[in-house]
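As structure tokens, here come the structures.
In the two complexes that follow, chain A is the common piece, with chain B as its partner first and chain C second.
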Partner chain A sequence: MPTTDFASLETTLRGYLEKLADSRGKALPNLGRAERLIDRGIFDSMSLLDFVVFTEKSCGIKIPGEDVHPENFGSLEAIMLYLQERL
Partner chain B sequence: MLEWLRQRAAREGGAEALVDGGQRLTFAQLAAAACAVAARVQAAGVAPGDRVGLACENSAAFVAAYLGILDCGAVFVPLDPSAPPAVLQSAIEDTAMRWLIADGPARLGPAAASSDVVRVGLDEILPGNPPSGSLTLASPAARAGQAPAAPEETAPDGLQAIVYTSGTTGRPKGVMLTASALREVAEAGVAMLGLRASDRVGIITPLFHLYALREVDAALRAGACLVLARNLTFPASVLRQVHAERVTYLSGVPAGFALLVERYAEMLARCGDHLRAVALGTAPCPPALAAAIRSLLPKARVILTYGLTEASRVCCRDAEEPDPRPGSIGRPYPGVELRTLDDRGMPLPPNTPGRIALRTAMAAAGYWNRPEATRDLRLAEGWILSPDHGRIDENGYLFLQGRVDEVINSGGEKVSPDEVEAALRGHPQVADCAVLSADDPDGHLGQIVLAIVVPAPGGRLDAEELTRFCAGRLELRKVPRAFRIVESLPRTALGKVDRGRLRAAEA
Partner chain C sequence: MACAVTLERDVGIDVEHIGRRAGTGALAERHFSSSENLLLASLPSTGAHALFFSLWTLKEAYVKARGLGLGLPLDVVSFQIVPGAPPAVSFGPGHDEDARAWQFALLEPRPGYRLAVAARREIGAEADFVFFPMVPPPGGDSASSSKALPPAPGGFGHFMPA
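Up next is the complex of A and B:
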């Protein structure tokens, strides 16, 4: 299995989140890694699901519904930590 | 509501009344919290009949503030805490709002500029609350340096809440609900569910909607415990809390349950040993979804409900397998009379499709400051006209056939095309537009908001730009999820947009 380039993956996911935020009129300049995404108002349960599906495709993994909670998906940092455990 | 709370607190004050994440309140503590909010609001100058807005996420503070506002005799105006400033401003002006309460200054919107702002630490209201949280009270009237304008229309006796809903016209309408109507709604909910003090009522939809707020009232009526799920965006987190707190009754929207069934089926099934009833409302529930929920929760009643903001509980029935009346939304609640009317307003015989009208003590008194709309709503002899079309069979079962107006039902959220069109027309490069419903390609929301847009000459528009523009002016649920850019819109001989042709072209 090839080694995952986590820096590149983080850039991809950050780009997705920035685009999602932009489409909702909520720009994400300098999104901190530990910043709570929910506080930035870009997720609802449908857009969160879209993001999970995008992450699955980007990483080639299936993310169980039970794993999609704030501890794993509450911030970019949490997402990357979760993916590092999974990949 | 407060009387029910106080009676329960006097009887068994130490029983659990509310769970909000790690916070647990007894009935005595919740009653004290409501009193504490009322004292602060009264000290700020609120008088009976004043409109007081609340823009809060679901929390113990929301419930305490709601009950505190009622305790003052003020009129409760729930607001979407994530609404853009223009939407908040519209409600502030429409209701001549005296005070707006928010769970943080950022949610005050335009009222944040008020010269009269009071911060109340949650630790002052709710026992055991971390001192970091606060409720912030701001007086939009103080911003202008004057008292709020008197409303044009005299409020009905006992007005308790004004709840905004999307109607056929662009501006949301404030539905006026009296204390007696809301008490009836609570009583009907308790009777339909057989709610008892031992129940644990899970709240998994936003409390600024009457759909969730009425469950708070029903729980208070029954003396049951409220479980407010945190992190509503995360279904897995919600289901964990529902399971950990042994919730016995849940109500939600079909779109939300479709997501749970599709992605979180195992977690939902684990709740089957304590959930005894699940209710689905605000939008039609596909039979396959009801069947899927029943198979995951075989011991629970799965209840389909129909109501309006103007009359919260109209019909209901339990989903059955096999379904003896496929397509029916059930029979009227006790005390609700139902009929269908022809174009002249005359009652129709059974099984004849027509406009649905109803008579019930749960009905709204009318629309705030909208006498014409109120006249359209309220018919003679206490009947009110719904926006829905349908038929009633010889056994009294209602079969809905859709709305008579253009209002879009997206995942249970009602969206006025006029309101979205008005927002789009504010874009300098939009020459013309029409907004319709379209089937949700993902199947979750039932309908989505589709905008068909004509750019101004030389203008360049795309979906991203239009989405961004709308998101700054409308609540997220009203922002179109699909756009078509076209050269012109079809029009009728009278020059109106020909929605029929547009719809046919989309189909």
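Up next is the complex of A and C:
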């Protein structure tokens, strides 16, 4: 099984978060890893599921709906911890 | 901002700006039913984009009415939108709900926006949605600036001036 390059994955996901923020008219400079994404105005339900679909495609996994909650997707740090458990 | 109020029934509401572009195709592929995706694929891009938001707001309104959050797979809830009639729903396998117990409304409260309401009703009974603009649009008549999608027949819903 190939080893996942989590640093590269985080860069990719950060880039998509910036794209989502831009699509909602928000700038996303210097996003902290532990910063709550909903507080930065990035996530509503549509953009959250958009991000989940992107993450699924990037990682080659399916993320069940019951896993989509703030503990797993509240911050970039939480997302990476969740993915490290899944991959 | 929009809110929905009932005395006893489950109700949910959602409003979206249809100007968003990011990820709608991938979202539909992952979260819409096969019949919804077939319909989207048959339309030109502008029509498909508008339909995507109509379907999305209906699904979100239903999920909110059920209080299930994102744990409910959206593709088990499938909508048919026919001009001149309220949106109709069908439920996929494993989702234990009676489609006759739900009523939906789909509207364009302002150009570029979709608003959907989902309400539980007595099976076979017709609920009457009444819409009140809370803040009149600048410089406009609040009643005439909102229109139903599809045009509201009697009993489906209507707008009231503020």
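FYI, the second predicted complex is superposed on the first by the 87 of 87 C-alpha atoms of A that agree within 3 Å, B and C clash if a C-alpha of one lies under 4 Å from a C-alpha of the other, contacts with A are read in each partner's own complex, and residues count from 1 in each chain.
Basically, contacts are C-beta pairs under 8 Å (C-beta built on N, C-alpha and C of every residue); 3 or more make two chains touch, one makes a residue touch a chain.
Model, not experiment: these values are computed from the prediction.
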item: Partner chain(s) touched by A:Leu31 [first = chain B, second = chain C, both, neither]; value: neither
item: Which of chain B and chain C A:Leu20 touches, first, second, both or neither; value: second
item: Contacts of A:Val68 with chain B and chain C, given as first, second, both or neither; value: both
item: Touched partner set for A:Phe43, first chain B, second chain C, both or neither; value: first
item: Touched partner set for A:Glu56, first chain B, second chain C, both or neither; value: second
item: First (chain B), second (chain C), both or neither touched by A:Met80; value: neither
item: Chain A residues contacted in one complex by chain B, in the other by chain C; value: 23-24, 45-46, 48-49, 65-66, 68-69
item: In the complex with chain C, residue positions of chain A that touch it; value: 19-20, 23-24, 45-50, 53-54, 56-57, 65-66, 68-69
item: List of chain B residues in touch with chain A within their complex; value: 82, 84, 231-237, 240, 256, 259, 263-264, 266-267, 411, 444-445, 464, 467-472, 476, 479
item: Residues on chain A engaged by chain B in the complex (per definition of touch); value: 22-26, 38, 41, 43-46, 48-49, 65-70, 73
item: Complex interface listing, chain C residues touching chain A; value: 16, 20-23, 26-27, 29-31, 56, 60, 69-73
